[in-house]
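The following pair of complexes shares a single chain, subunit A, combined with subunit B in the former and subunit C in the latter.
So, the complex of A and B:
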């Protein structure tokens, strides 16, 4: 198998992990209009919850992933209600909210470390049989990750395009004041955005942990930059852009890692980001409004 | 006849100092009421206050006889009030149809029926149904904004300068629509700069100056008065 195709194979897996994470971050941004810098820790929390369910409680890894994602969704809802909303009620400027989420990020990372310890962990699940698809080789576990991403991205698409709450999310992303005036219950839609964002973060954290095999409490924060790159390349606040950004960043970083040192993946992601921003400062998906 | 909307001695503003001072207005079903006044008089502020977007220092708002003072917009929409702001009144990335659907968020039961009614009133919108609202002309946007507000089937419709920036021909078209909306039973409250058309077409008019209710009367009568003509029309 050529290096290129091998890179494309890895790229598809990374893109799947990245798509889940990026769409979760960008959905929340689209609705609330500020970046959650603690989002990386949401992934970490998802990964450790699944570790608890699968390795300590001995549940199936995919069932553990689902439980972890649901709990992360609940946690995300709680963060919005307990941490973010009090600041919004006092009409805190956006800069303050950014500082708050950065603080939360440090707090959560240290919290996870205090509970789970700083050492490497690994899920007990096996990576499954080897499957050949054309010239590319995947494990069944990797194929499940790709399938999860495809199902969830389709789900997000259907949600945004065809459901009442999905359209309400897009309306808030366009103009929150007008959404409120039109009768959209912005508080409930904001809650929902945080829940979906947390759910996707939880899933992403688990599949990321599976993908990198062993992980520590910095799992999510180390991945956050790549998530940002995908989100910004696609145009921040635009879920379809994030999907495309994830595919682009995933493929290019993994293919390049076949030819140059894989330690440069982040540098490559940064290079793509810079190049895209030079030519399209609004991101690739920008002709129509956000989302 | 009992007014559908009655605003009593409202005082409100953005910070601590009042902009609207002790203003009272009333509007009946199936009629158009216009609020005119110089720039900065507080007309937009008054509409925003009625619609629950600003905190009220004192005074009361009654909708269909019920006290709705200080109620947030989404609950007012559910109870039969609609509001179209002057600027940024459509969702640019949503299609025309989706804009209308958002208008029906609080009252989702009869969405398709009401959409047909809006399309009947504004055939232009039907043609542009699938287009993003951001690609519409200024006049079409104002039509869509009105259509969006009508999707919740409100008893009272508040319109802030629906003809601002439109050509005289389009202004006439918009006012024909406003009159027709009143004819189907709505109470329409319009803030307007185009005083002549507005007062001619309205049953009742209020003159707001420096946040205070300076005058009121039947629209055409106000228009005929020399002092009002001098204030707005440079006669």
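So, the complex of A and C:
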């Protein structure tokens, strides 16, 4: 039983990292209606920017994280404007767009590797004091990660539910054509979706890097399909689903790692992805399909 | 034999193998519009199974661990490689092809690629883990008793035979009624379904046949190199084939030959001599990866139909079938 609860503790941390990442991915999908396969590299870029700020510029790790997330948000905006928009203007088909994002992913991952080198990096910050909550063990750093996730998920919820911008995003997600003729400023909302998606990806990259302690340029691309699992479990394009999906995938993978070799916890995430795609491809938390 | 001749023979052999890879991917994406982002995984599975089919039973001379070890003579290992790749394709197809949207299969393929790569590396008893298997016997080598250099000619002939056979089959498929249905599915799945075509079944067949090409190509690769490990099937390998297809001409098997020459042969061989500074031993590899990524984006942006576009058959009143450029208006509507 205490083993189970210990797994739950680890699961909550993974779920927090995963929630930030998957809400970012699914929000951008909801508004633009295509998957960004370069999203994993956004996480990597966030992690390396924070490494630069904290180790080279000697800033506090949380301040570095904020700066890195802001820069990743800007980068995400740039990617949309420079790389994606020219294709949308020419009404390129979905297939081509997906090929473009995967080409971008290859470019960015190798770009980070060319600049930073392929060796393992690690933040200098200490993980803080150990906190015991029952059989669950957290470091203060991990508690901060969980707090960040809770605050941002609440923020996303308030944004979507109570602001005009959030309403516009939800309308674009439901029906882009209807949104357009109702006067929703498509271009600005799309820009904003990319910025928020990039910001969350940047944050997620840093907390992921903190959580796995040492990282390489494949940090994000190896985590990407766990993000996919969370996003698809929750129903792709649905932020609330992604939050629940992150919680489910985080808990199940970490609890399973208590009982089987932890090298195979990604296999558990993959198994869940396959089962959901086979039996409930619209996601287990969504009432109706959007495909 | 001079080393230049040896080098050229090696390049020619890989050119043939890349053509075989390319035709399989072209059938999947170029003709049917299936996004297979882990084509190299099928190559790897084919290579591994062909390897252990040709090897002596496990725990041989080098103390390597692997399954099977059937010690079967050539052409059987490539057939086994093709069959195993087809089985993997059926499994993945069942998960990813049922949905109408192509994103789902793309996501499944990316995930499968990661999983298979991790599993093969971590489970050593399968294919000797990260070290990989080696010492795979070269086909007919024991029959001809040739030295290493002269044997290259034999292998080139084998590869050319496979490539010619592969080309004839893929051309026949492309221009058959079967190929026509695949193109219809690529253009509009709903229309094809409305005309009574079982879209899932056709997509599955295209996916499986394409994967057989990958598996057989992989079997030839391992038969030539004699060894294989997980560093041979990284994500980048998949996109070298993708870039070759997009540059050459997706949907056109002849364009694919040109692409296989331009991207894997010219481009990859040309960047072989990039520097590798001690501080960053993977710099050349990284720059090559960046270039392949850019090549994909630019090809998609400026000439998605490729250098040799697919020829479209046009309805004419006089009953003749006239070929013309199709790619332009297919991939880039005005």
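In this text, the second predicted complex is superposed on the first by the 284 of 291 C-alpha atoms of A that agree within 3 Å, B and C clash if a C-alpha of one lies under 4 Å from a C-alpha of the other, contacts with A are read in each partner's own complex, and residues count from 1 in each chain.
Methods note: a contact is a pair of C-beta atoms (placed from the backbone, for glycine too) under 8 Å apart; a residue touches a chain by one contact, two chains touch by 3 or more.
Keep in mind the model is a prediction, meaning the values are calculated, not measured.
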Practice problem: Figure out whether A:167 sits in contact with subunit B (first) or subunit C (second), or with both, or with neither. | Solution: first
Quiz item: Which partner does A:221 contact after superposing on A: first (subunit B), second (subunit C), both, neither?
Solution: second
Practice problem: Answer with first, second, both or neither: which of subunit B and subunit C does A:182 touch in the superposed model? | Solution: first
Practice problem: Would you sort A:96 into first (subunit B), second (subunit C), both or neither based on which partner it touches? | Solution: second
Quiz item: Who does A:109 touch here: subunit B (first), subunit C (second), both, or neither?
Solution: second
Quiz item: Per the overlay, which chain contacts more subunit A residues, subunit B or subunit C?
Solution: C
Exercise. Pick out the shared contact residues on subunit A: the ones touching subunit B in one complex and subunit C in the other.
Key: 291
Practice problem: Show which residues of subunit C lie in contact with subunit A when the two form their complex. | Solution: 29, 33, 35, 37, 94-96, 98-104, 106-108, 110-112, 114-115, 118-119, 122, 235-236, 239, 242, 246, 279-283, 285-290, 292-297, 300-301, 304, 331-333
Quiz prompt | Parts of subunit B lying in touch with subunit A, wherever the complex brings them together | solution = 51, 53, 72-74, 77-78, 83, 85, 88-94, 98, 101-103, 105-108, 132, 134, 148-149, 152
Quiz item: How about subunit A: which of its residues touch subunit B in the complex?
Solution: 164, 167-168, 170-171, 173-175, 177-186, 288-291
Quiz item: Given the complex with subunit C, which residues does subunit A contribute to the contact?
Solution: 34-35, 37, 83, 86-87, 90-96, 98-100, 102-111, 113-114, 117-118, 221-222, 224-225, 228-229, 232, 236, 263-264, 266-267, 270, 273-274, 277-278, 281, 291
